[in-house]
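Have a look at the structure that comes next, please.
Chain lettering (A, B, C and D) follows the sequence in which the chains are written, and residue indices restart at 1 in each chain.
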Amino acid sequence: MSQKVAIVATGQTKHTSKRKDVNVRELINEAVSRCLADADLRMDQVDAVLIGNMEPFEGFMFPELWSIEGWGGYLKPSVKINTGGTVGAATTAAAYYYVASGIYDTVLTVGFEKQSDGNSQAAMTAIGEPMWERSVMAGAIGNWSMMASTYIAESGATMEQAAKIAVKARHNGARNPFAHLHMPDLTVDDVMKSDLLAWPVRRLDMCPTSDGAVSMLLCGESVAKRRSSRLAWIRATATAHEQQYMGDSPKRLAVMRAQIAASQRVYKMAGIKNPLKELDVAEIYEPATWAELAMYENLGFCERGQGGKLIDAGVTTMEGELPVNPSGGVLCTNPIGATAMIRVAEAALQVMGKAGAHQVSNVRTALVCSYGGNAWSDAFILSDSPS
Amino acid sequence: MGIKPIAGEESIRVPFLMKMEFEYAVGVYATHFFQELKDHGRLTGVRCPGCRRVYIPPRPVCGICFEPMTEWVPLSDEGVLVGATVIRLPFVDPMTGKQRPVPYGMGIIRLDGAATGIFHFVDETDETKVRVGRRVKANIRTERQGNLQDIINFRLMDGPHE
Amino acid sequence: MSLGVAIVGAVQTRYETNKVHLAVNELVYEVVAELLRQTGVKMADIYSQVTASQDWFDGKTISSMSVSEVVGGYLKSESKTAADGIQAMFYGAARIASGSFEYTLVAAHCKESEGQRTAVTSTMFDPFCQRQLGLHDHIASALQARRYMEVSGVTEEDLAEISRRRHKDAMKNGKSLRKGGFTLRQILDSPVVAGPLREMTVGPSCDGACAILLASPKQAKAFGDRAVEIAGIGNAADAYWTERELGRSVALEHAAGRAYRMAKIEDPRSEFQVAEISARCAYEEPLYAEALGLASAGKGRKWVETSGNGQGPRINPSGGAITGNPTTVSGLTRVVEAWLQLTGSAGAHQVADARTALVHGVDGICGQAQSVAVLRRGLGER
Amino acid sequence: MNNQTTNPIGAVAATVRQKIELPYSYVAGRAVTRFLLGLKSKLFYASVCGSCGRKNVLPLSFCGRCWKPIDRYVPVGPRGTLESFASVPGGVAELPHIAGPVVYGLVRLDGADTLLAHVITADAEGKIRCGARVEAVWREERTGSILDVEAFRVLREG
């Protein structure tokens, strides 16, 4: 059997650089408690929990089993997913398949990361293949600066265009109470004068490292309709992974093979032919400003090489034709194991009309995409109607 | 709902240094590569019998065609930067637990004859010079151990960008 | 409800102390290539993969990056459970049951030899009050062993007897690592790992990988009697190891209850012909048998005797994890072994007329998370 | 390449040794902080769930079974009952002051519903058994660490 699946409720922590007051278990508990409150649901009504994070950031094998009292897993079925940066989306996808299969009707998803307990750049550098990559790699900064260099060479995108993305994200994030960075007064000039971390990436071009957790409730069709009248239906989901090594993709960021494959697949499943016209909002996983420009092209919002022009024209701002990351995106908030699930939750809030001060008007169809691992990607189409 | 921090009550932190040592198997394919590098200073790749792409690092199967790899081919020690940067932000190296010295140039190098690129150091820290399209040449040690560090780094070559 | 998902092929490596010649990707490619040969299915027709591995055992953040290409994940829907391979099978089955995929390839790998087992497993422990003490998984298992022996009456001699049987069984299994006709004396005299556990009552450190192919009922028909139905799945996680009774596995009782309900198993003692239980340590066999309903609650000691006399399902004819199966792989090894039994291809260790099999996987300290599946010969033969 | 062996298919295979060193600094949270600071005063704090009454050591700030916040903490122990023990021959690196064998135990502190893992030292007759009564042996210098407890000592019977 198979059934349609809707996101019924969401909960997030206030994301921040260092949560000095709570341990991992308590951090997760805040998000899960808020999600249950949003759903007006008791924990004993939940069938199963799907939980994702990146263990090396906490220095734990099975951090979820240590923290089980925090997320209500006691004697429940649960599944732990870890796919790196995409894990929040991969965990959502797993929850989708479990509910769609009819095995469970009411599933909680949890994504979390407490980066301040560990050393993020070191754990990130350990992603590198030990013989071929690790001694050279330099965490997320090294990865994104190399990717951005390829994209600049291919597209001719400029520093100003990248800085505009940084400003858009931080202005949007200032309206999102859960976002980590609130920088309503940031200017293009500020971004371009910030420290050079690794050419072409400056400090304000990069996402922060955050502590945070997110939780969502996914239900099958009949349960979902009983629980709420404002639902975000998962109309399509697709995942695409890559070859093994980081140098395998010929033009890593400029031509993101996996992201193109995943997004084209969900467009086809949802019958979307012109994403710029047919999507009302997008929540995408942009760890660096340059990534967002490149993703405009890879997600089919514009022609190749035109990513910069899209931001110049204001198309993706809150007032534009297709607002991208009204939440402030990864550039404002990045608790890695939660980040991709925050994209899904924020898109769901937009579809439900519950995004508050950063709500885009009349959202019916939303795109979510994730990024992680070796340029892996997941994509979702959320909609206000099941079909 | 959830946890409310108690005013005036500070949480304490408990430090933990994770120290592990791994002995990774290099594998049949990569061992062949490193043996060639050690014994002869040569760089080699594997060719997919289906799509004819030449891969470095070598691997058992072409992920695109899913054909097993059987043919070794020589690669040039020259190539082109397809990704390039200079790392300036200091960070903790997970291989030592200490800060890795910066700045250093790094790139994704596509060797002539290969379809894929490898990560390596670039012998230059001027950002205006370490750019995509620059030709580079492997700076190979005379005394070699049989690992990627047998290539000290890649040197920028004179001449136009590709 | 029934899942309507079948296992149409199953492959495992030989288990060895140190597969020093194979990098992780080569190890996994070995089982994937063999699986494609065995089933005749082309990778181009497989759009879904779920793998199982652990970053800390692999010594790599995002361990599945090492295997995404060799499992055919390029531009495909690959995912990873950071848990026992049986969890990857559950997720793979859910993907097919959702109607989204016709096939899902499931693979699990671990090379325990590459890291230091004690350091790796120490990362499961509470960082505030437990890591400071130098705890690792074998010490916690020894503490659970003693507690279970205390409440059940199981003795060190009983543990030795279980070990003796399994190492004898393993002599008929070409894939197993540690095997032989050991005497009880030899086992009882083997060096102490963490008393009461000894080298011969704890599974050895081990490298290996497994892969299985799951198929929708539509595709599975073509495989005839090579198709094995996943009739029921169930899992549950208990409280952290120091926050629960260690002499009983409540999580496994819940996991088994769920799997049995889905598969309509009413009497596990008579309905299974074979049970492959993840018991790396000898005491886990009777402890888990109680929770699985194969032994009466609190009667694990009696069960050690009766199960040895041929009553109830045949337990771990493969030799089981005590003879060497890696963490994270062990549960999928159980699936592979059950598939061999149910398709009549287990060779020297074939159990006669195996129609329904129980398989089991475990994660965390002292079996905190438990998973059970019921597998049946053919497609919904019942 | 560090070591070389010849593999079964005749090719030379190599291994490479590499360290991973990652520093962590775990925020304890208010419940665990209460416990660790309590050790300085020779007290073991347990959390008490206002709903089910369960007393947890280490303390929780939230009961995952009742799904209720916890704001009550009470001292338990310092005596308790040994629920299990395991002896490791030859000592362990983390406890260099114990020559070995190191005996680990799970102690149910009087009044607690959960277990505390620690090192056990035998009584005068060298006996350790399940069900034995044990008592915390405190260090002179205490810093708010589990190692403020040197060990749990088995008490003489009767």
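The working rule: a residue touches a chain if its C-beta (ideal position, glycine included) is under 8 Å from a C-beta of that chain, and two chains touch if they have at least 3 such contacts.
Worth saying up front: this structure is predicted, and the values here are computed from it rather than measured.
Dropping subunit C from the picture leaves the other chains, by touching, in one piece. Looking at subunit A and subunit B, the chains that touch each of them are C, D. Averaging C-alpha coordinates per chain and comparing to subunit A, the farthest chain turns out to be D.
One finds 29 Å separating the Cα centroids of subunit C and subunit D. Centroid to centroid, with C-alpha atoms defining each point, subunit B and subunit D lie 42 Å apart.
For the pair subunit B and subunit C, the distance between C-alpha centroids works out to 36 Å.
In subunit D, the residues that touch at least two other chains are 3, 7, 9, 11, 13, 15-16, 18, 20, 22-30, 32, 36, 61-62, 64, 145. Looking at subunit A, residues 20-23, 26, 29, 33, 56, 59, 68-69, 73-74, 119, 122-123, 126, 129-131, 134, 243-244 sit in touch with two or more other chains.
Residues of subunit B in contact with two or more other chains: 2-3, 5, 10-11, 13-14, 16, 18-28, 30, 59, 63-64, 92, 94-95, 97, 147. Contact residues of subunit C toward subunit D in the complex are 20-22, 59, 126-135, 139, 142-147, 150, 191-197, 239, 242-244, 246.
On the subunit D side of its complex with subunit A, the touching residues are 16, 18, 20, 22-32, 60-65, 67. By the touch criterion stated above, subunit C contacts subunit A in their complex at residues 1, 3, 25, 54-56, 59-62, 64-70, 73-83, 87, 90-91, 93-100, 120-121, 123-124, 126-127, 233-240, 243, 250-251, 254-255, 258, 363-365, 368-369. Per the touch definition, subunit B reaches subunit C in the complex via residues 14, 16, 18-30, 59-61, 63-64, 66, 68. Against subunit B, in their complex, subunit C makes its touches with residues 19-26, 29, 33, 42-44, 56, 59, 68-70, 72-74, 111, 113-116, 119-120, 123, 127-128, 131.
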